[in-house]
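Mind having a look at this structure? Questions to follow.
Letters A, B, C, D, E and F mark the chains as written, and numbering starts fresh at 1 in each.
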């Protein structure tokens, strides 16, 4: 009997979308206003979901307090109030699209779960755009 | 590595639920107030989701600006501020339930994606009722 | 010591915006897609607020169960799943804009409150447009 | 062609998290403030989803009015404004975590659907924590 | 030039509505299911608003980090994961309606603001019921 | 008879909080992570409200389509996908706190309303922090 448990978190960050090997013209053509070299930013809303067996004693898949601390340490401390392009090693070369940010967050969190626990990351870039990644 | 990207949109429309071959009595028995021949209406909230590979250069599954324009052209121009029963060809004979509207929207959008991209349509008829269709 | 208490309710309705003495051309010029003679519709979200003294025994400004029943009887029974233009007497001649609907709802509810209770009606026509009226 | 239809409902309840065979110290160590023997409580938001074939006549997977009445009878009457630990038989011995509550709700609802209809229960304990169970 | 700044917070608590001098029958007659002697509970959502002059140097009415810590110390530590009737001194004799809780919170916070700052407390008992108090 | 009509809009922007005449140490002491010289960002949600008389013919306080275009021209074109500190003249010297941004937006919009129309700006910096300014 498997249940999925989910926890919301959030971080605010600046970023811009661009491919380093492209000219500003081409970046603007592909990424529009998101290519602004001066950056813009978002309130990212993050949902971390874990699917797994329910512990028959505690009734927990995972302890959500532990999960909340984990998200704070692995994600919020790295991304909150940061410039993703300039201050986060993973995005020095990787374009910080919502897709790529979600995959990077998943890779940071994944080692903390066992092989029977399935991790999924949902990331809202705005209330109108979001992405999901589950490995 | 596949990611799902989603985009919100919305349209306002009038409709009524009824089966053309049934009497008003039977329609009212089955569909309740939704069978009102004078129509009622909704603010439909639509989420279009595409699952696919992330382009290694752009970091996009699909360009959400393109997706937004596509939804406007294929869905909003046909349904926004319309009477679904009277003004949308598909619902002349098909009952415009949320289920059927979601399937029709999916069919309009599907030809624009390739065989490796999986399309899902989520449609909120009200903040309390919604449906999902993925082919 | 006065407190304001508020209760959410909702109704779904069809309507169109038009001035009876104007041509369809002029109505379309002023009201755009909202002038569609075949109607469109909305999920209206209603917040009814009452400001007044707190009863020292019960701790209530008004009993919210009573308020909920009142809204059902005075508002939802008249407007829910209706065509506002065709089926609601007040809007036979009055254009059913959010402004006018809110004022009509306020007039229906007002007689149920005493002179020391201040009534306010907030009406969301969509999640993005709303109006407030307090007499 | 299968569609998933979902309906929101809600109930307010008191509970505490504890394992009967553990001391208060151990319960507090594991469950933190949630182990408070005097109880705390939540506004639970419930989404019941049913995946199945769309009836070609009505355009319904299931009638949402019927589903709404079913949720009221099977879930809200048992849980709304209750103390889960003291007043709900299932939680006399089972820890009322969101995981366990979702599984109990699923078991109450499941007999009402046929073998071709897939039931899923989503339960928000707070706007920030939720669980999903689909059997 | 005055601006109003607002900060969201939240706490989960158990309570019941009752007047100590009334019988259970009368309490149930007046407060319905909310009179359950075994308690029920809510996720209370709190918005604390302060209206005042904007500091010409910092651009702040008040520092929201300071406000957040203040709400945690004055409100959340007293109410979060508590049984309001049994564990909060103010509600030993005062009925813990949303109206009364909002007024108590206002009284706890008020001494921390100066005479030129106007404090308002908005308290959601559920997503559908809320109260406002500003002194 | 006056009604208040409101329209939602939004823009995404990067900013940092700092006082130009202060050292980075002092800025960090006062503004915390928001002082990061590399910037962070937000999805700002804006509500523009206008209180005024309802036109007896149209039933409008103001035409919301006109208001929507006005917000786009006066606010979104200046702020959306911008670095507020570096690219918006008003914030070269003024600290872009939510309070100051709301007052600047109000000043941009105010000349478009007449003396009998009362303008109010509500600005959400995050879903948890917001400010209101009405002149």
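As a convention for this text, contacts are C-beta pairs under 8 Å (C-beta built on N, C-alpha and C of every residue); 3 or more make two chains touch, one makes a residue touch a chain.
Keep in mind that what you see is a predicted model, and the values were worked out from it rather than measured.
Count the C-beta pairs in contact for C-F and for A-F, then report the pair with the higher count.
A-F
Scan B-C, A-D or A-F for the interface that duplicates C-E, counting it as a duplicate when over half of the contact pairs agree by residue number.
Equivalent contacts to C-E are found in A-D.
Quick check: how many Å separate the C-alpha centres of chain B and chain D?
28
How far is the middle of chain A from the middle of chain E, if each middle is the mean of its Cα atoms, in Å?
34
Taking the mean of the CA coordinates per chain, how far is chain A from chain C in Å?
The computed centroid separation for chain A versus chain C comes out at 41 Å.
So which bits of chain B are touching at least two other chains?
127
What part of chain B is in contact with chain A in the complex they form?
Against chain A, chain B makes touches at 1, 3-8, 54, 57-61, 63-65.
What residues on chain A touch chain F, complex-wise?
Per the stated touch rule, the residues are 10, 12-15, 33-34, 36, 38-43, 45, 80-83, 86-87, 126-127.
Please name which positions on chain F make contact with chain E in the complex.
Chain F reaches chain E through residues 17, 19, 30-32, 94-100, 102-103, 127-133.
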